[in-house]
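One structure, as structure tokens, below. Some questions next.
Chains here go by letter, A, B, C and D, matching the order in which they are written, and residues are numbered from 1 within each.
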């Protein structure tokens, strides 16, 4: 099950709930707070028992102590004070959601995931909700119903009903309520170009009401251009700073634990380069794809981001010029290192479009370069391991 | 001969007057591709580069030129529309280079193209090249040389790397196809493998996969049950951490499925050769031919 | 070309324009008036030259003097005073639309019609607008472009662009404006379950602006249940009163010019009955279908509506009982004639479900009935022609 | 034998517990139709009439009963959904009795049913009957008698009228089909004519059309070019005024197309018999058999 296919921009639970509420999904009242005082005020307005929930882009908030029940408004304020500023899986909590607590008779899972195998959004529902759906999939797959949706037709009422009967085989009222929620969830999924939209848990109260207690939505990166409203929901404080910096420089960057800093054009070649570093006994410090366009500025930004990581011991460029002009890359290296001289060695592999010009530029500026990938990677790994200096 | 394109393919360029479109059109013409027309709404009647007629719509272009192939360089928000326009106009083979096409768009485009009986390659792909005959897309022509190795890959520059190694080793290619890394694309590994198996001029296939999804496993099953020609496979992303995206939407590991280990295991079970490094394609292919 | 397939509820021009304006179609400002004073006030608010247009459900308003230009607000008031109350094709004008006059450089036609042959809505556009599109179709069919739309995908931008280039081959700005209008027209067509949506003329002003000057929308009768807002737009004052009465009694009724009043169950049999009346030398006074359900009330209403027409000389019932129970029909006849004794003869043909019971009911109440259609029709025609009395 | 249904057809009823559904289910059972189940969401597990199992969904019903035919009596706003549910569940033959289905719904339902490989009859139709074997829908069984005349019609009660005349004249029917009068319906005259032509037990066909549209003209062309069996046609609405609707959406004349005269002309050109009155079917058919 390839859950997360489609790159996704995560938005916070409270934002996802707003989007679902707008489509008519019943959700207990709540609001977001950045201070203990605000949290207390929200809890007072709601009245009764509330839940205070850390808003961070990571799972396991409950286990980490980021989700707590409060009986009174002042208790809600105290709890919020503790949760705000807390670190969960390396992310600082800047906001909490304060929401009415619901009595729970049963919990179900309802999600839509863009699936590459069927080339469709797939509904996935389970009466075993509240826990990690991947655990359900692994241990009791018969408790999961999957239904691919043909987006030319959209989710049909009969399909929503089939999903509803899978959740509540003996109660047509709950089936109707759940079906309506699934129609709304699908609307939200399509309207916002989501790659994932999840309600977990979907609860039934002792009174028989069906409610969404938690929600998660990821937006397809590629569709953001037509959703300026959703771009604003992106919370950069909830992400790794160097990755935010890279994105703002139009680079794709993921920080890893090794010491060989990699700058590559193309995701496939970038992964193959990392694999080759590992193959020769090294550890990549990152994944970094400068993409196809040959803009010296990107190279400058890439170098800045990589050298910002103190664990990086060597920089490895691997550029195969197709659309990317290797002379542009060479110029970028020269410009960046003139402005900020490197304190660690650099290994450059360049081949393809304008290779001769690039080689000359590098040579004129005191760099050497190889046109062989294996050779370059071996050299970089050697430098990272033993220390030393190239260029 | 080759798969999907050859010297007789007549090609139109959608977005011919754009920055990428015009650059790569010149490259294609230089390589020898039969570019018979271009499409840019509002520029109908003009000539691109002094010789290629430009049309307002694909219908007009097809009517005037009889083109059977189209290559698309329009911006991502217009790509789905451009693909559908091409399919509707009767283009049989559509190559969408555009990167960043919203995935939901593709859930509608895919069945549309199928209904029209067309084949789509991409989006978010480098296109394809039949060395010495025709290139459609952005694969650099000079790294290729005619021969009998079929190449199919999910990524761009990694393909170039492997093709470059093959060419250096004297192993020419029948056709090199980049199928693209998007979650929903038009042509799969299996489509290409089937075409290579049927192509009398292809003697072996080099296949470059990535972590994420199950396309490679399905391809391996196809190799095992339906192919006689040798296939050597590679998986990029063995060192990628699980659950993180790697630039391509396809390059994701989630749960137990889609890991490099799993994919390589399926290659082995299919009796395929395995290249641990890009350079190993040369020896692995040589050993099987 | 089967334009009007799909039964349609017509709405007025000003209502159609409101629906299109809501989807973003550019339309000159205007409002509707029921008095000369209102019209003058609207014209004053708009400023400059206005057009005063009779709002009736019929074509040829212009020729009938129902559309006039006014240079000043007071002239607009005077013209409105003349048009209001005017009869156009037998319909009284109760409302006028007062709208800003636009300078016209060229006129085009844009319409969407639900087409039974292709089983799709079909776009029909022509650069020869402003006149009757059927005339264009007959005389210069090459000036019409037709494009069926697959509703699973909807109107695609490239299709709107193709239609736009057909209208304005040399001006991409106008193409873009027209394409946008066609996307909006399609949205309105689908959203409101229309069977017809038309802009005629779509004009280009000397400044190059593209505007909708007149609009027509018919709503699919069958879809009205999900459009309570549109049901309200139905203007019964603009329709034949007996037909409105029939519809409100769930009968399908169309008034014709003959003297044999027909009451039949099923549209096909009703038409076949009328044809047979004609075959035997008579003239049907109406088409009336009581439908499938066997409700005596419907029969009572049918008799009331038919006997309300003074030209009817004989009433002919032709009932083939399938779902319709013939005893229900017989009971209806008895009830209705007891309450309002008939002053004209009645001929009854009944067969099918519960025929024996029906025959007995009729006999017990002094009616005779036949089970043969030809026989009954001949008898009715004879009575209508010569006068006489049955039953 | 018959077309579309026979004694082996296994039928489920969608909307079995509704007013119309329950009434006609009893009638069908009485006639001998093999009603194997019914569907009403929320009433799964109940028995209709003490013996017919009711299910929550069509999928469940098909899984439990193996039904190959479904008949639909649900309200008009739910009919499109019911048809799609049946097609999706693998029902091969779907009969939609419901009147008043929004036409735009049918523009999506039609391709859906086609994609699923099912046949739809209707909506807004009386269904069909293979006398002595099975009836699916609402055609009164007692007016029919087994025989060799195929009957196909756009209207309900007019069909009954003609079938009644045929039966009175001793001319039995192979199958009587009402295709319905809606602008977009599933099964056309041509579909039925082709089936009758292929049915060894049908010797001649009675066809009842109406004014409006061009279905009858297309049917006539089919008769002319593809049929050997005699066909007699009738057109209702010869006296209807042009441009006015007549209860059926199909019963419209617009411009020059769709008039009774035009349709009858096409019948003549196809060498078909013409019944000027319903009763004339008897002599016209007799003359050709």
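The rule is simple: a residue touches a chain if its C-beta (ideal position, glycine included) is under 8 Å from a C-beta of that chain, and two chains touch if they have at least 3 such contacts.
Not measured: the values here are computed from a predicted model.
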item: Intersection of the contact lists for chain B and chain D; value: A, C
item: Cα-centroid distance, chain B relative to chain C, in whole angstrom; value: 54
item: Centroid distance [mean C-alpha coordinates] between chain B and chain A, Å; value: 28
item: Per-residue multi-chain contacts in chain C, two or more chains; value: 152-153
item: Multi-chain contact residues (two or more partners), chain D; value: 108
item: Contact graph of the chains (line, ring, star, complete, other); value: other
item: Complete list of chain pairs which touch one another; value: A-B, A-C, A-D, B-C, C-D
item: Chain A residues touching chain C - in the complex, by the definition given at the top; value: 152-153
item: List of chain A residues in touch with chain B within their complex; value: 1-7, 114, 116-117, 119-121, 134, 137-138, 150-152, 190, 193, 195, 220-223, 225-226, 252, 254, 256, 264-272, 274-279, 284, 287, 289, 292, 320-324, 351-353, 373-374
item: Chain A-facing residues of chain D, complex; value: 41-42, 44, 56-59, 78, 81-82, 84-85, 88, 108, 112
item: Of chain D, residues touching chain C in the complex; value: 20, 76-77, 99-104, 106-108, 110-111, 126, 138-140, 143, 153-161, 164, 181, 183-184, 208, 210-215, 234, 236-241, 243-252, 254-255, 257-258, 276-279
item: List of chain A residues in touch with chain D within their complex; value: 153, 156-159, 161-162, 165, 169, 172, 175
